[in-house]
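Take a look at the structures listed below.
Each of the next two complexes has chain A plus one more chain, namely chain B in the first and chain C in the second.
Showing the complex of A and B:
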């Protein structure tokens, strides 16, 4: 379904979505983050990308899996805790971050389903904003099969046309949201469709960074497992893990228990984001570590994203958002690393 | 001790079942034996697994970790684990007594291809804590003795007092349908009558093996694999009939959390039992 929505009508549409919990990018302390908004006026869609991808809403940094404690008769009681039942809309999601959700879907679905991720994913509608100009100087989505107006993972994609949005609904969930704003939307004219095509084509040309011939990288990586390349590239790594924490496709998690320090005994089993750049990630209790150094951990990160995942699912596990490049404290630049891999040896 | 699970959905992969400790005792100074049974009788009787599979065991409040099942599915009802005291969780486990409750979920992993091994010689080589998964295979073979050809056990430990299940294996030496060889690196008791030397020093004692009709199984500390596999290769056992069960840090057990990912596989789903062929093609496995 394709529609046009005047920007001045946008708050009126959002008002109609009062049954939903609404997230939008919000400017906080000079950076952007996805937060729950109270009034439609808080939604700000003229923004570069948020520091943290909206994956934090679907797959929270910390989440209780079960609760346990001793009841009055001293018996042990364990209670399953599931995500709260509610309908959620996220506005302003960039194409790279929406596509990332389609990749984590592959991991968390399958024969054994992750009820936590699955439930949130199902009850959340993703409304995107196409990138007319790259939101980050390190955007490289076009190198990894993405684009500034990719529709993967969206229920609705908005494109900014100055005083109005071009609205494209891609799912039933999206259609339902548009139907709630009946009367606000009009059908696009032929020239508006042309305008969209031009804006989208221009947007692709504005990306400053790229990895050419990226398809050469997965087979190349396969031959580079033992290469000294990984020692060279990881030399400056601080093991801070920001690259994977901010990555919209990284999904590894830890499970641990937390208990109260005062009686009665009560506690929670929680799952929290984990990080393959930490030595502890693979450390056995015996002290043996099959991935003992920075080189093997950087190799794992690159191999997983551009070789193993490709082998399993036929997609790069990277959507080119550029966060890991922008935020790495020592300037390890995955775009440069990939270009070097392609030309290596 | 009483306990219950409040469950609202079916098939939540992260939710454990409660199991009661039926018996526990020290096997060595830092390894303990745990025999548990699901509190829910129906679950206790319906729980099915293969030798080599593992379960996630938790002490609520201390955490959860993977432990391979040391019992054999040929003896249903009770699950057995043999656990070394190492970290927070195992310390908490060691403080528990009979009748205390633990969380158990599983079984996970692929297990040994027991069906493929039927009619063949089964050569089991274990060292140290490698006993834990291979005891399951051994008991399974002995309980279904007519299904297998020769069953051979080579078991090594640092000292006699470090030998896990020493009395159990000593007793097995009496069996005529099991070729059982035990060894220690050094004898600290002065009473050890068996072989002294690393586990590979037992190989010359074996009667001739027809390699095409034999499976070689190994589990032990990381350093052991290289030497034992070399012996298997010298015996001409085919690479895909050399089986080993490997260790990995794991959190979920169901292929989601990413800890045990190696190459394009997950140890918890595609392992922990691998062939030597897998090991050659998948670096970082050991």
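Showing the complex of A and C:
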């Protein structure tokens, strides 16, 4: 379904979505983040991209999976905790971040179904915003099978046409949301469709960074496990977790028990994001650590995204959002690393 | 002004003569104008060195890696490593010497003077330039920076875009070095704690609200810890498991790792993490400001450390990193030390 929505009608549409919990990019201090908004006026779609991808909503950094405690008769009680059932809409999602969700779907909603992720994913509608100009100087989505107007993972994709949005619904969820705003949407004219095609084509040309011939990378990596390359590339790595925690596709987690009260005894089993760049990620109880240094951990990050994931799912586990490049404290640049890998040897 | 050619010449020479094993300096990065740390062992690569107001990183952090590597080497090459140090970075060297983490012979220090200015705050620069992309930034005479953007060059008064730490800096010239580049220029700092005083001026209620909002944002990526030259412990209180585990550590010992801080990135745990770090840096932080710079969520971590610094100065007349032989703040006692805060 393709429609046109005047920008001045946009708040009226959002008002009709009052049954939903609505997230939108919001500027807090100096950074953009996805937050729950209370009035349509709080939605801000003229923005670059949020520091944290909307993965933090679908796959939150901390999730309670069980509650445990001793009851009055001293028996141990364990209760499963599932995500609260509600309908959620996220506005302003960039194509790279929506595509990232489709990649995480392969892991959490494939052969093994993760109830927590699955439930949240199902009850959330993703409304995207095509990138007419690259939101980051380090965007490289077109190098990893993406595009600034990719539709993957969206229920609705909006494209900014100045005073109006071109609205494309891609799923039933999206159709339902548009139907709630009946009367606000009109059919696009032929020239508007042309305009869209041009905006989308121009957007692709505006990307400044590229990894050419990325398809050569996975087979190359396969030969590079023991290469001294990783030592060289990781020299300046600080072993922090910025690259992975900000990555829209990284999804590794840890499970731990947190006791909140000793008497009466109770607590939670929680699932939190984990990070392959931390030394405790692979530490064995024996004291042996199969990834003992930062070289092996940088290798893991690259291998997982451009070799193992490709082998398992036939997709790169990277959508070219550029966050890890922009935010790395020492300028480790995955685009450069990939270019070097491609040309290595 | 620091002459980059002189710096390159010295670097080439000490690499050629084998005086240093390698040099840690700054080089041009692939993305944008921010330089990246460079590890140079081939004298010919000294040509890649750069020095400009975007050389923000405190390179002394990499001493930790070097020590780790040395431990693993069968025949360790104990020659010093060359490090380019700004004034603030050189204070870190003094603390590492004071704490006996390094010997003076472990490092060959190529000091660079920040003279009248310092390093740039990327966010302030972006604001000043209203979104224009910076290609290059250079020192200019008279306290200006020369900024080259995609649409041309312009002179910007450094004070408009200087990092906060540089505005309050007491060491614009290295305090310890083997060779130094640039001039020693006396710079008056009238209000060394003005930034933290804006927070102190808030009511207790407002301060609590401020910190609650700020620390609630933390995602515990530990970049602040990772970038800190003083965070060199093998095992940190926030680590979930014991890194001191050896093949012969008993199960009992392993089980006894105390969980000081839970993995949940919620407000209470985040506060414990950040306050623990601040306390561990009391009398040790040299205000290189790297923790705050690297924070992806823009948490003003530097306020916490600056408060510790201010208290150390006011209560104990203690300043960090100017004298490697002074007894450390927390392990020394003087008769005149105040006690009125002990209740």
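Going forward, the second predicted complex is superposed on the first by the 343 of 345 C-alpha atoms of A that agree within 3 Å, B and C clash if a C-alpha of one lies under 4 Å from a C-alpha of the other, contacts with A are read in each partner's own complex, and residues count from 1 in each chain.
To be clear about the criterion, a residue touches a chain if its C-beta (ideal position, glycine included) is under 8 Å from a C-beta of that chain, and two chains touch if they have at least 3 such contacts.
Just so you know, these numbers come straight off a predicted model, no measurement behind them.
Engineer: Who does A:265 touch here: chain B (first), chain C (second), both, or neither?
Structural biologist: first
Engineer: In the overlay, answer first, second, both or neither for which of chain B and chain C A:246 touches.
Structural biologist: second
Engineer: Based on the superposed arrangement, let me know which partner A:15 touches: chain B (first), chain C (second), both, or neither?
Structural biologist: In the superposition, A:15 contacts neither chain B nor chain C.
Engineer: Contact-wise, after the overlay, does A:343 reach chain B, chain C, both or neither (first, second, both, neither)?
Structural biologist: neither
Engineer: After the superposition on A, what does A:286 contact: first (chain B), second (chain C), both or neither?
Structural biologist: both
Engineer: Looking at A:30, would you say it contacts chain B, chain C, both, or neither? Reply first, second, both or neither.
Structural biologist: second
Engineer: Touching A:238, do we find chain B (first), chain C (second), both, or neither?
Structural biologist: In the superposed model, A:238 contacts chain C only, not chain B.
Engineer: Tell me which partner A:213 touches in the superposition: chain B (first), chain C (second), both or neither.
Structural biologist: Neither partner.
Engineer: Once the structures are superposed on A, label A:256 by its partner contacts, choosing first (chain B), second (chain C), both or neither.
Structural biologist: Touch status of A:256: both partners.
Engineer: Identify the residues of chain A that lie in both the chain B contact region and the chain C contact region.
Structural biologist: In chain A, residues 254, 256, 283, 285-286, 288 are touched by chain B and also by chain C.
Engineer: Could you list, by residue number, the parts of chain C that touch chain A in their complex?
Structural biologist: 29-32, 34-39, 57, 61-62, 65, 68, 123, 133, 217, 219-223, 225-227, 239-241, 243, 245-247, 249, 254, 262-266, 290, 293-294, 296-298
Engineer: Which of the residues in chain A end up touching chain C in this complex?
Structural biologist: Spelled out, the residues of chain A in touch with chain C are 28-31, 51-52, 61-62, 137-138, 209, 235-236, 238-242, 245-246, 254, 256, 258, 270, 272, 275, 278-280, 283, 285-288, 293-294, 325-327, 329-333, 335-336.
Engineer: Under the touch definition given earlier, write down the residues of chain B that touch chain A in their complex.
Structural biologist: Touch list, chain B to chain A: 1-9, 11-16, 18, 58, 60-65, 84, 86-87, 90, 101, 103, 221-222, 247-249, 251-252, 254-259, 261-264, 283-286.
Engineer: Of all residues in chain A, which touch chain B in the complex?
Structural biologist: Per the stated touch rule, the residues are 65-66, 68, 73-80, 82, 107-108, 110, 112-116, 225-226, 251-257, 259, 265, 267, 269, 271, 274, 276, 281-286, 288, 290-291, 296, 303-304, 307-309, 311-312.
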